[in-house]
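Please see the structure below; I have some questions.
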Amino acid sequence: MPSNPVDEHGASHFVRPDFDRIRRKGVPEVILADRKTVEDSLAIARQFLEREGRAILSRVPEALEARLRQDFDGQASLEWYPGARAAVLRAPGQPRPDTGGRVGIVSAGTSDIPRAEEAALVCREMGCRVYTVYDVGVAGLHRLFDPLERLLNEDQVDVMIVAAGMDGALPSVVSGLVPVPVIGLPTSVGYGLGGGGVTALLSMLQTCAPGLSVVNIDNGIGAGATAGLIANRVAAARQAHT
Amino acid sequence: MPSNPVDEHGASHFVRPDFDRIRRKGVPEVILADRKTVEDSLAIARQFLEREGRAILSRVPEALEARLRQDFDGQASLEWYPGARAAVLRAPGQPRPDTGGRVGIVSAGTSDIPRAEEAALVCREMGCRVYTVYDVGVAGLHRLFDPLERLLNEDQVDVMIVAAGMDGALPSVVSGLVPVPVIGLPTSVGYGLGGGGVTALLSMLQTCAPGLSVVNIDNGIGAGATAGLIANRVAAARQAHT
Amino acid sequence: MPSNPVDEHGASHFVRPDFDRIRRKGVPEVILADRKTVEDSLAIARQFLEREGRAILSRVPEALEARLRQDFDGQASLEWYPGARAAVLRAPGQPRPDTGGRVGIVSAGTSDIPRAEEAALVCREMGCRVYTVYDVGVAGLHRLFDPLERLLNEDQVDVMIVAAGMDGALPSVVSGLVPVPVIGLPTSVGYGLGGGGVTALLSMLQTCAPGLSVVNIDNGIGAGATAGLIANRVAAARQAHT
Amino acid sequence: MPSNPVDEHGASHFVRPDFDRIRRKGVPEVILADRKTVEDSLAIARQFLEREGRAILSRVPEALEARLRQDFDGQASLEWYPGARAAVLRAPGQPRPDTGGRVGIVSAGTSDIPRAEEAALVCREMGCRVYTVYDVGVAGLHRLFDPLERLLNEDQVDVMIVAAGMDGALPSVVSGLVPVPVIGLPTSVGYGLGGGGVTALLSMLQTCAPGLSVVNIDNGIGAGATAGLIANRVAAARQAHT
Amino acid sequence: MPSNPVDEHGASHFVRPDFDRIRRKGVPEVILADRKTVEDSLAIARQFLEREGRAILSRVPEALEARLRQDFDGQASLEWYPGARAAVLRAPGQPRPDTGGRVGIVSAGTSDIPRAEEAALVCREMGCRVYTVYDVGVAGLHRLFDPLERLLNEDQVDVMIVAAGMDGALPSVVSGLVPVPVIGLPTSVGYGLGGGGVTALLSMLQTCAPGLSVVNIDNGIGAGATAGLIANRVAAARQAHT
Amino acid sequence: MPSNPVDEHGASHFVRPDFDRIRRKGVPEVILADRKTVEDSLAIARQFLEREGRAILSRVPEALEARLRQDFDGQASLEWYPGARAAVLRAPGQPRPDTGGRVGIVSAGTSDIPRAEEAALVCREMGCRVYTVYDVGVAGLHRLFDPLERLLNEDQVDVMIVAAGMDGALPSVVSGLVPVPVIGLPTSVGYGLGGGGVTALLSMLQTCAPGLSVVNIDNGIGAGATAGLIANRVAAARQAHT
Amino acid sequence: MPSNPVDEHGASHFVRPDFDRIRRKGVPEVILADRKTVEDSLAIARQFLEREGRAILSRVPEALEARLRQDFDGQASLEWYPGARAAVLRAPGQPRPDTGGRVGIVSAGTSDIPRAEEAALVCREMGCRVYTVYDVGVAGLHRLFDPLERLLNEDQVDVMIVAAGMDGALPSVVSGLVPVPVIGLPTSVGYGLGGGGVTALLSMLQTCAPGLSVVNIDNGIGAGATAGLIANRVAAARQAHT
Amino acid sequence: MPSNPVDEHGASHFVRPDFDRIRRKGVPEVILADRKTVEDSLAIARQFLEREGRAILSRVPEALEARLRQDFDGQASLEWYPGARAAVLRAPGQPRPDTGGRVGIVSAGTSDIPRAEEAALVCREMGCRVYTVYDVGVAGLHRLFDPLERLLNEDQVDVMIVAAGMDGALPSVVSGLVPVPVIGLPTSVGYGLGGGGVTALLSMLQTCAPGLSVVNIDNGIGAGATAGLIANRVAAARQAHT
């Protein structure tokens, strides 16, 4: 972290980091490692591990992945999500939470999976059960109906995340077919005019299907947090009365 | 509706309207009256009233408002939302649904109220109880804390809609403070570069606050549908176990 | 047409209008009446009627419609397309062409019909048979399969035009299901960010479905011309060998 | 392909890839190799080769090119398109299809050739005969007329693809001169404001020439698929009656 | 002109208008009447008439046209350009300047004529001879060669202005064929994506033809001023030596 | 203000208006009258007049102007700013504040004066003395030096606001010449690409001149508030020590 | 610096650099080193050091940093700002100026610190005292009030700079709470639609809070110069009377 | 150049390159070397050298520069423009043309020099004499007047090119002061919103100064060609009469 030689008091007035967000909001902090140095990421991860018994890192560069595997060996278990290049460090004896919330995650193409996996990771660390269906293109809709039915009737999901790039049509199609709220997760897949996920996002904003809300391009973390909050509110209502 | 003299079969192949959407999705159809002729709007309203016992119209021009008051007098009750210029026609004996879902709606400025009211109307017609706090600007945050606390602790809302134009900062601020999912509803209030609601929408997409998802500019109907689906899923869980 | 007092030769050097385009290209000229005065539109229509035995006008203002009905009474038959507000004046004894080309036209919503009708009109005046299916939303895909099957198997269309606004998803969905070329026709239906047809156009450009090409927003005339050229090339091949 | 440790069923719900698209749509799947690892591309290519007797890869990185030449030596013939950096692997005894469709491809500048070649490749693998004219600039139109006449009268093409970057004027010019449908293929050639192919695409959308439809920037594959569908529909009509 | 009650000195510090620009720059001031009140326009016109013996007004509303015809009757001659809705008031005995500069003006379509006429007016009031060719579309290039040859060989223009809307291709085409500098004048003709003249301007900026420079959309006045400056510099060189 | 029939408590939860902003921030609230009904504007003005002894209204429609003159006759004095169409109602005996702050306001063209006047009005109501120079174009810089010198040396302004539309060059030029902070106020003057004030704003953001900060297009109120805060801070320092 | 072999006079007409800007404007020149070669930056730094007794460099690449430490060793002291990667070289005996101006700098997140530090550096070299509060997110507003109160009451700052990326909400929030002018400094932090600082800038332009003006994205130097000019004007008034 | 195995005639139909452009248009072809392989650039340069006695290359990578110096040693002289990284190869005995045209080139900052030099190179190879003034910022206008006067009165230039990035204000300022036509050359210098030359281009399009026309960002070649055509037309008129 940069020093700050220009302050009159001779010391930076850093406000303290926000460790209590998970208690206030129910959503864990995720360390975005791609804009930090390896050493900074390791230091912050260690802080979270000590205070919370868990540290979550996403967009982990290869050099950091190696250090995570090495530095925390014996001190914490490491769960690795290869698509999202994300990691969960968990202190010994620290269980993963289980709220009973149920989230379905659907992705349109192979390239959307990393972001779908980020969302899944966040939901899981918020205590939800996650059910996934990957690689369901709009250009062959007949392949969509069976998986959706299983998610609804068998897995009984409380909310769905649908990830899509390119024309971003899948979330609208799904939202037109299912009775649960749908979070559209546009991914930065696309090319030419409207590429990089812009068309995917715009399509979801212009949807005719009721009950679809969206997050920004590639914001798997945010989609997961929203879905987790919804599913956990439902789960809490279920449990409150059992 | 336009005739279609160019079809070889001598008749338009109009697919039938989607009357069963409310059963499939749980969200009622809303007739957007500002792009239709008065006669078309009246005809469609009549169809819905007959089949569903209810017709919902939004963005009602003055000429249509007069006709709604006159034509359905004695056949249906009329609820009028002056901010949104929206109307609900309800057949005699047809009760408003009551699911027990609880929705909070917050608006940043006076100009955002029409869209907030659209959202409230949809939630209510989906059976939810709606709790509103209007005109809470970011440029005076000290006035925000009390109303939020009341919505959370007293009204116990399951989800919040926060409507804002201009810089669209309020939904992020609220989402950073409350533990329920928040739907950001950008309104077309603003001027100059980034005006017309564009900045408000972008701000909500760029939020640092977890658990905020958004709909398109001025899409009060869509924000209401999403919030209603969430609240009703929670309410159903509550009721299933009582 | 404006005078031009500034030319040294004392007269405007107007190059002659392009009456022979239909012979060179096989596509009739359409007079866009909304940017012309009523008198100018009438004069040009008269010119075409005299030379070609037919004049086609689109986006006809009400004042011009009245004059068309009145001025050409007895001199030409008038076909009126109410959705597109388009007109065909045809000289007595002048038959509509018949090439045997077969075009299917699908529209997503009611608001897309005027542009779909423009396309239909052009195809028909190029000699094609036109088969239409209107108001097939993506938010209820189960209603799409039957009409498509009829267009393909019963009507045996050579090419399809699919008109859509909002998220513009329908052309991709259709193009993923049918074995004929599809022309995407985005319409200026939509609101907020990406509204006015922009998202619809971008979605069609970002399609994953092979065989979809597009025209600009609301360019029903151009979509019709392209589809007509394709269908007529096929029809010519059919006839050449019968 | 990424593992998916977060699914409750302990296994990814991958929907199966779309091998039957060529039978449903008549357009072969093309493997875009630039966003995949070499190993992934090789694995998918092997799958297609086994099932379809052919695998098509485009945007092949140098490392993959070397592996294609080496790994499939003796098992499949390799056709290499140097401009497009595309490859066709063909199983022994598997003939290239021949439908009798006839496609003309015109490019404005040298830089447009890679995309023109992608289109040519797709058309050819759909069974069409392809006739090309490359490097015909708008800034010297007198050089355009002879090649177009040869394409129309000698080669008798059913459809043309015209590739252009920069100001994208060539497709409009060509479409104003020829009686067959034209597919505009904008390429990412250009600089400054409106660069990267944006102006080329916009110009084609704003064309005054009837019968021009477009695909997205650099979408040679899509332009080829559309032209192939058109030409093959015409060819089928020709053959049906011979 | 608005009063300014808030200045401490009790009076507005208005800097004096720029009457000497024509002497410094050789380009006359043109009064844009569409953003002024009729009375303001008349007052400014009277000022110019008194000082310069001439006043030029463009984009003249109908009410102002009537007043110009009436108020200055007997005091100044009125030249009216109907396409541009522009007027020149000239004091008795005040001749139009004649420098010997030679300007060619070409327009692509009928809708571009008003802006072409604005340019012509400015050139003429700067003393140039103006030669015009109107309505030369790119979608029929064979009609272009004869008029260009006449402008070059017969009229011997020193510079050309080429006005075009839609895809804006004509200036590039012309600039590729003629040896004189060309000023591209994009007009606000066009629709859908890239409409309103944006594509026309971008096309001209992306031109491959050397020697084309551009002005902003609909800036006929500016195109005329630039062409007039060029032609007059050439004419001065011609005259200096005769 | 719209009623809100949908709240469960049977009453709108309107948070109270922000009357104490002037005490907290030193900037008076300005009632933007163009988006309100005449009756609403009058009601709010009356509230401010009662509590603060003053009400400021901007963008006043003609109908409201008439009512202001009529309704408050005898109860408050009315100051009218014709360029800005703004009004100050002042209760009898309520003096205009006088802080001793000194603000210079420069405008590039006549069309920028309304916004410059809005800024002047706010500064004056914050107690500043305002010195103005209007209609100083960049296209004749020699006319700029004298007025600037007078503002600096004679009027001794603490801060300058420079209003400009079109290319927005004036604020950069001024900021390169004067030693006081400059607020750039872009106005919605301009046309074609980058019109409506967008280029003016971008130019100010891209300035090479140090010490220039900007507000949004046409935000005269905001420019005045910023300049007033700066000038008043300086004036307070001056007075504190006298 | 490039040679210029094409000038007729055989020598470049380079106008001399602007060494006297600090005297004219009170803002020191900062050498942006990231677009220059190491040798060019060193040469210019040496020039400033000789003439002004100080050289300021920002965005210093690592190679240049090494050279600065090495080449000027013994000739000048080096102050290094690690966040901004900026350096101040100061000749022996040359004191840092001290005007008594007081500037507060607040940053929203860790990523905004480099730009905040650039601003701080400029203010300090203009003689101001700088007081900083870093890492104050909007998504936890309760942590904001204490630091602001200290800046206002204890440090008595004359002006504040607030740096923020993402949704850029913090400057509006701060400006709504404090009575001093605020300079919004948007940083290029953000992703997806509206990323790279665009939303942050737009939010600040759309602010509802009075007294907020802005500079372009990442323009820490410009924000510092503006704040320094304001603070120094106040300080001069304070000193003039003491 | 890529082979083209897909053409039915077994050979690519390459239209021949445009060697006669210099005779038709008077503007030499410039080989843009940054998008070509070193070998391709060398081959094309050799072709031009043989046919025209000269080859011009711009944006020359270092590897190509080395090869140019080595491969043509003894066969052609090499003139190297270090700012533009451009080269002119000239066959022995081939003189540089001399038309007597006179071009002034002004640049705003050091970063604009490479593009200014490209323009100078083209003008010179078209036979013009070029007079340059570099590094004249708008943020210090007092330094501008002397150089302009020398260009006009002493060097008697027929046309000026003014290169500027950032806010692009210099061309407008110059065009408001000089009586010759001005070509605005925006450069890709700038940052944040409107960066990369976009604001510079827009500013020039929005200019209030008459007689300014523009080319696209960084198009030094095009600016030079336009200025060269103008100056040569003037020079020809001068010579015709001597």
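For reference, chains read A, B, C, D, E, F, G and H in written order, and residue numbers begin at 1 within each chain.
In this text, a residue touches a chain if its C-beta (ideal position, glycine included) is under 8 Å from a C-beta of that chain, and two chains touch if they have at least 3 such contacts.
What you see is a predicted model; the values in this text were computed from it and never measured.
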Fewest touching-chain hops separating chain D from chain F: 2
Touching chain B and also chain G, the following chains: A, F
Chain of greatest Cα-centre distance to chain H: B
Superposing rotation of chain B relative to chain F, computed on C-alpha atoms, to nearest 5°: 90
Rounded Å distance, chain F centre to chain G centre (Cα mean): 28
Distance from chain G to chain A - Cα centre to Cα centre, in angstrom: 36
Two or more partner chains touched - positions in chain G: 21, 137, 139-140, 176-177, 191-194, 198, 201, 205-207, 210, 216
Chain pairs that touch, as defined at the top of this document: A-B, A-C, A-D, A-G, B-C, B-F, B-G, C-D, C-E, D-E, D-H, E-F, E-H, F-G, F-H, G-H
List of chain C residues in touch with chain E within their complex: 1-9, 12-18, 21, 35, 186, 188, 197-198, 201, 216-219
Chain E residues touching chain C - in the complex, by the definition given at the top: 79, 81-84, 110-111, 113-114, 117, 120-121, 123-124, 129-137, 139-140, 143, 147, 155, 191-194
Residues on chain F engaged by chain G in the complex (per definition of touch): 21, 24-27, 158-159, 176-181, 183, 201, 205-207, 210-216, 221-223, 225-226, 229-230, 233-235, 237-238, 240-242
Contact set on chain F toward chain H in their complex: 109, 137-142, 166-169, 172-173, 175-177, 190-195, 198-200, 202-210
